[in-house]
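Chains: A, B and C, in written order; residue numbering restarts at 1 for each.
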Amino acid sequence: MLQFLVKRLAAIVPTVFLVSVLIFTLQQLLPGDPAVAMAGEDRDPNVIAYLRAKFHLDEPIPVRYLYWAKGVLHGDLGDSVRIQEPVTQLILEKLPVTIELAALAMTIALVIGISAGIVSAVFKDTVWDYGANVFALWGLSTPNFWLGILMILLFSVRLGWLPASGYVSPFEDLRANLASMIMPAFVLGNAIAAVLMRHTRSAMLQVLSADYVRTARAKGLDERVVVLRHALRNALVPIVTLGALEFGTLLSGAVLTEQVFSIPGFGKLIVDAVFNRDYLVVQGVVLFTASAYILLNLLADVAYVLINPRMRT
Amino acid sequence: MTTFFRSGRIAAFVLAALVCAPAAFAQTLRVGLAEDPDVLDPTLARTFVGRIVFAGLCDKLVDVDEKLTIVPQLATSWQWGPDQKSLTMKIRQGVTFHDGEKLDAAAVKFNIERHKTMQGSNRRGELAPVTSVDVVDPYTVRFNLSAPFAPLLAQLADRAGMMVSPKAAKAEGEKFGAHPVCSGPFKFAERVAQDRIVLERFPNYWNKGAIHFDKVIYQPIIDPTVRLANLKSGQLDFIERVAPSDMKALKGDAKIKVARMVEIGYQGITINVGKSDLAQKNPLGKDARVREAFELSLDRQAIVDVAQDGEGLPGNQWVAPTSAWYAKNMPIPKRDVARAKALLKEAGVTNPSFTLLTPTTADAQRVAQVVQAMAKEAGFDVKIQSTEFATSLDMADKGTYEAYVLAWSGRADPDGNLYSFDVTKQPLNYAGYSNPEVDRLIKESRETVDPAARLKLFEQVAAHTLKDRPILYLYHRHLLWAYSSKLSGLRTVPDGLVRLQDLKGR
Amino acid sequence: MAAALDLATPLPRELSPARRALRRLARRKGAMVGLAIVVFFVVMAIFAGWIAPQDPLATSWSAVRKAPGAAHWFGTDEIGRDVLSRVVWGARASLLAGVVSVCISLAVGVPIGLAAGYVGGWVDMLVSRLADAMLACPFLILAIALAAFLGPSLTNAMIAIGVAATPVFVRLTRAQVLAVKVEDYVEAARAVGNSHLRIALRHVFPNVVPPLIVQATLAIAAAVIAEASLSFLGLGQQPPAPSWGSMLNTAKNYVENAPWMAIWPGLSIFLLVLSFNLLGDGLRDALDPRHG
């Protein structure tokens, strides 16, 4: 166990390093002089020269990487050029929002995905199976920005039940917070529900044909008990660890969902920064989220090994 | 029993009164912006949307009214020196900054010097002719200029004239934008990037009688459909930049009022006539007749009708036809495909082909597609090259383009729409245009304070530039605002800034 | 006694695993519906020139945003173009976006994954770390950065999506190779003296194919959505050429006063992506006997 952990931890360092190189290079290679983009529409040559010097833009890319990496190792991710705020501060500001959105989306995904997966597996090849399939899949089959806009028009403009966009901190007003998060969380969670449905279904099918289930049935136990008590518990093992892995998908989906619903999370931050060539923001945030994702993966693997006795060798 | 109920009811009534009472006095104005503003430091700021927030946060020396006339704000009166090489201004007395510091001539001097010398300042070009500022007496300053500079007052009506507290600026240095301290009607309370900017009423504002709100919250909402949805559902009281296609539906809505102003900027196509070798390699850049033919193949009103749903005013100069500075000697040409074809034949190119660099913004894309279809009828083969806005600026800078769909947000003084674009080697002269006579005329127009003489100079400039066509001006958008009908007293100044003085709710 | 063993009737022929899989696939109605819809769109894409009633690029100033009617069955868009024709021609762009991206991922990812899994050692370590690093970045961010770097166009969007999706196939291939490598028949082939390359191609690769087919089908669905997402941000197919994603992007501003501009491309994306998803799920069931 310990050996397993040490080996995995050792693999993290090169991975994070590669992420930093990858995202740095991608940002630096974006076409256009970042100093010109950052200087704004007045295009003052003094400002451009000042920015070029400040960000070492006249030095070769590897040297620029070293400047940035040095700062990162000291905990300084640089400042956003556009609004002059430290990237670390931006991350801390947006982190609770993103976590809340991810958590709500995950909950919705679990509810929809697992129930659809159970129905689909238990009533395999019947109309219920196809129905559950389509129900879980339709979220994956629509671009989330499109679904978001439709929901806003229906629930905010036409019905007036929910706010169209914006974010209220849960500490300020919990009801308003949930009201503003429920639609984006639903849009996000929908897509992941499909993945969870598939895994639940396949895990359930595997388990339902297993010996101990046949034994339970032979014993004369009620079908519902068989499904929920015996089959599901074992099927849940891989599903729970999926949660951590889907964090990456969540962030990907959040990019556009946050844009449409004006939720101030990471997704919106990164997209705006890419187009404004505010590359320190992009690099800092992606490095942070990638590291978080890698750590979550590690935790998921550890949890999987702990939960599943068969894996312990 | 009854006493119990009665005391309960009284308690409930008192409680309700206590809860409701402050709410009745606190009036918050919620404004929806089209983008997140950049840094809130007038010296470093570089976006249009930032100026909207500044309108509530930072007062300036002078302001402009609906007709773009200069009116007093922090300065009460001004006088040009005998040779127009100096401007003496009297500063309003009794004005304090949000931190309690006094606003006097010394503070003004500090601010102008900050604009001119701070690292990364975007105001240097705007105040270039100002050589020094003298404190004549505690409430009088004198700007000394290297040459007469007519646009000076207009510059002082914008960010270059915004005054920040010297104490706070010295203390915060570069980080001033995180907690700006100015002297406007509202003071800075909080900012969450990309979420909101909250300003609270400044009780010691010099014109506090005109302010009827306690709080202003600016929320950037990028998608125009969502922004409008917020207004309709009542979450916002005011939104800027309404999509033109939404205007018709809003006409019938009793709860929402709209305002439209012709912008002080323009939408046009910049042509590479000398920025790089590409100018000589493409028929459009090489031959003025081809450019004239291109202009004649376009129907400006149709472009406005299709690309902006009619919400715009066709124009052919750097200022709108409704502007006092419009050169009446050069009216908008009508579409004439036959003449265009004849010109092309004369120039020896019957099917000229060129690439139109188009940023991926919705407006530019629509204009490009309409232009492509129209010009085709005269024989032009226009290829649309879409790039990200940041990339397109870079390409224009390097001259790696043939024609470029570029808009300019505009400045109150026409010089702001002209000098940097048409004078040789100026930073915004993406066309690479160089005409010594035009250079001379524009420089002279800068130094001419008398409006009638200035207009004559602009007419001469127009006679040249509209013939050479480094920039093809197409139209001037309508700036569209929508707001709750509960609001009244809104001032519609064509610079598109939301002024909070005299704005009342309910 | 004699009836139990009736040697006169021939024994049924043994079906190959592929035929058996296809049989199972045919039995899942969802997958069949999906397949039918996919075929429908493919035909639409290939024969767009014959099917589309009008020129998708023909503008008309007098017919801007007209509601569906006799002249334009699906209405017109913001510069007067026929929406139906644009939807028909747009099938090409959207299908290409889906299929070509995945082909790029397969062409790059599978050989790398095979090599990593089979060779092992430092090659495996390098490839795995690189794949992990790419997977740690949110997919859409990677795609946006790549597309921004290459420039907005359909081709560049396909490359961006394809490259961003490559690590998934690397991982999948590698995992399959590792599982198969230890099978007896592979060891036997080695013992007999087959070269590594022959073993890799002859024995390992065919076992990798089934999960790859499933993943590829599902990836096509995701790629079509990704193209729409990139178009939303202004990267991807540029006007005036039609693609459902860019049509949806333009239409989102006119949802209230010209909903037909968005309904038809939106519906098309939904149907196409749903079909690929159903097909992929069906294939998974068909190719994995445990689910049959």
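The criterion applied here is as follows: contacts are C-beta pairs under 8 Å (C-beta built on N, C-alpha and C of every residue); 3 or more make two chains touch, one makes a residue touch a chain.
Remember, it's a predicted structure, so these values are computed and weren't measured experimentally.
**Q** Centre of all protein Cα atoms: which chain's centre is nearest to it?
**A** Smallest offset from the overall C-alpha mean is found for A.
**Q** If you tally contacting C-beta pairs, which comes out ahead, B-C or A-C? Let me know.
**A** Pair with more contacting C-beta pairs, A-C versus B-C: A-C.
**Q** Determine, using the mean of C-alpha atoms as each chain's centre, which chain is farthest from chain B.
**A** When every chain centre is compared against chain B, the largest gap points to C.
**Q** Using CA atom averages as chain centres, what separation in Å is found between chain A and chain B?
**A** So the centroids are 38 Å from each other.
**Q** Round to the nearest whole Å and give the separation of the Cα centres of chain A and chain C.
**A** Comparing mean C-alpha positions, chain C is 22 Å from chain A.
**Q** If you average the CA atoms of chain B and of chain C, how far apart do the two points sit, in angstrom?
**A** For chain B versus chain C, the centre distance works out to 46 Å.
**Q** Would you mind listing the residues of chain B that make contact with two or more other chains?
**A** As it turns out, chain B has residues touching two or more other chains at 223, 225, 387-388, 391.
**Q** For chain A, give me the residues that contact two or more of the other chains.
**A** Correct list: 30-31, 149, 153, 275.
**Q** Please set out, as single numbers or ranges, the residues of chain C touching at least two other chains.
**A** Each of 148, 151, 252, 255-256 in chain C touches at least two other chains.
**Q** What does chain B use to touch chain A in their complex?
**A** Residues in contact with chain A: 36-39, 41, 44, 46-48, 119-122, 124-125, 174-175, 177-178, 192-196, 219-223, 225-226, 229-230, 232-233, 235, 387-391, 393-395, 397, 408-409, 427-428.
**Q** Going by the contact rule set out above, which residues of chain B touch chain C in the complex?
**A** Within the complex, chain B contacts chain C at residues 223-225, 243, 245-246, 248-249, 302, 305-307, 360-362, 365-366, 369-370, 372-373, 384, 386-388, 391.
**Q** Please output the residues of chain C touching chain A within their complex, sorted ascending.
**A** 27-30, 128-130, 132-142, 144-146, 148-149, 151, 221, 225, 228-229, 232-233, 245, 248, 252, 255-256, 262, 266, 269-270, 273-274, 277-278, 281, 284, 290-291
**Q** Under the touch definition given earlier, write down the residues of chain A that touch chain C in their complex.
**A** 11, 14-16, 18-19, 22-23, 26-27, 29-31, 125, 129-130, 133-134, 137-138, 140-146, 149-150, 153, 194, 198, 202, 205-206, 209, 248-249, 251-253, 255-256, 270-271, 274-275, 282, 286, 289-291, 293-294
**Q** Report the residues of chain A in contact with chain B in the complex, numbered from low to high.
**A** Touching chain B: residues 30-33, 36-37, 39-47, 50-51, 54, 80, 82-85, 90, 93, 149, 152-153, 156-157, 160, 163-167, 259-262, 264, 268-269, 272, 275-277 of chain A.
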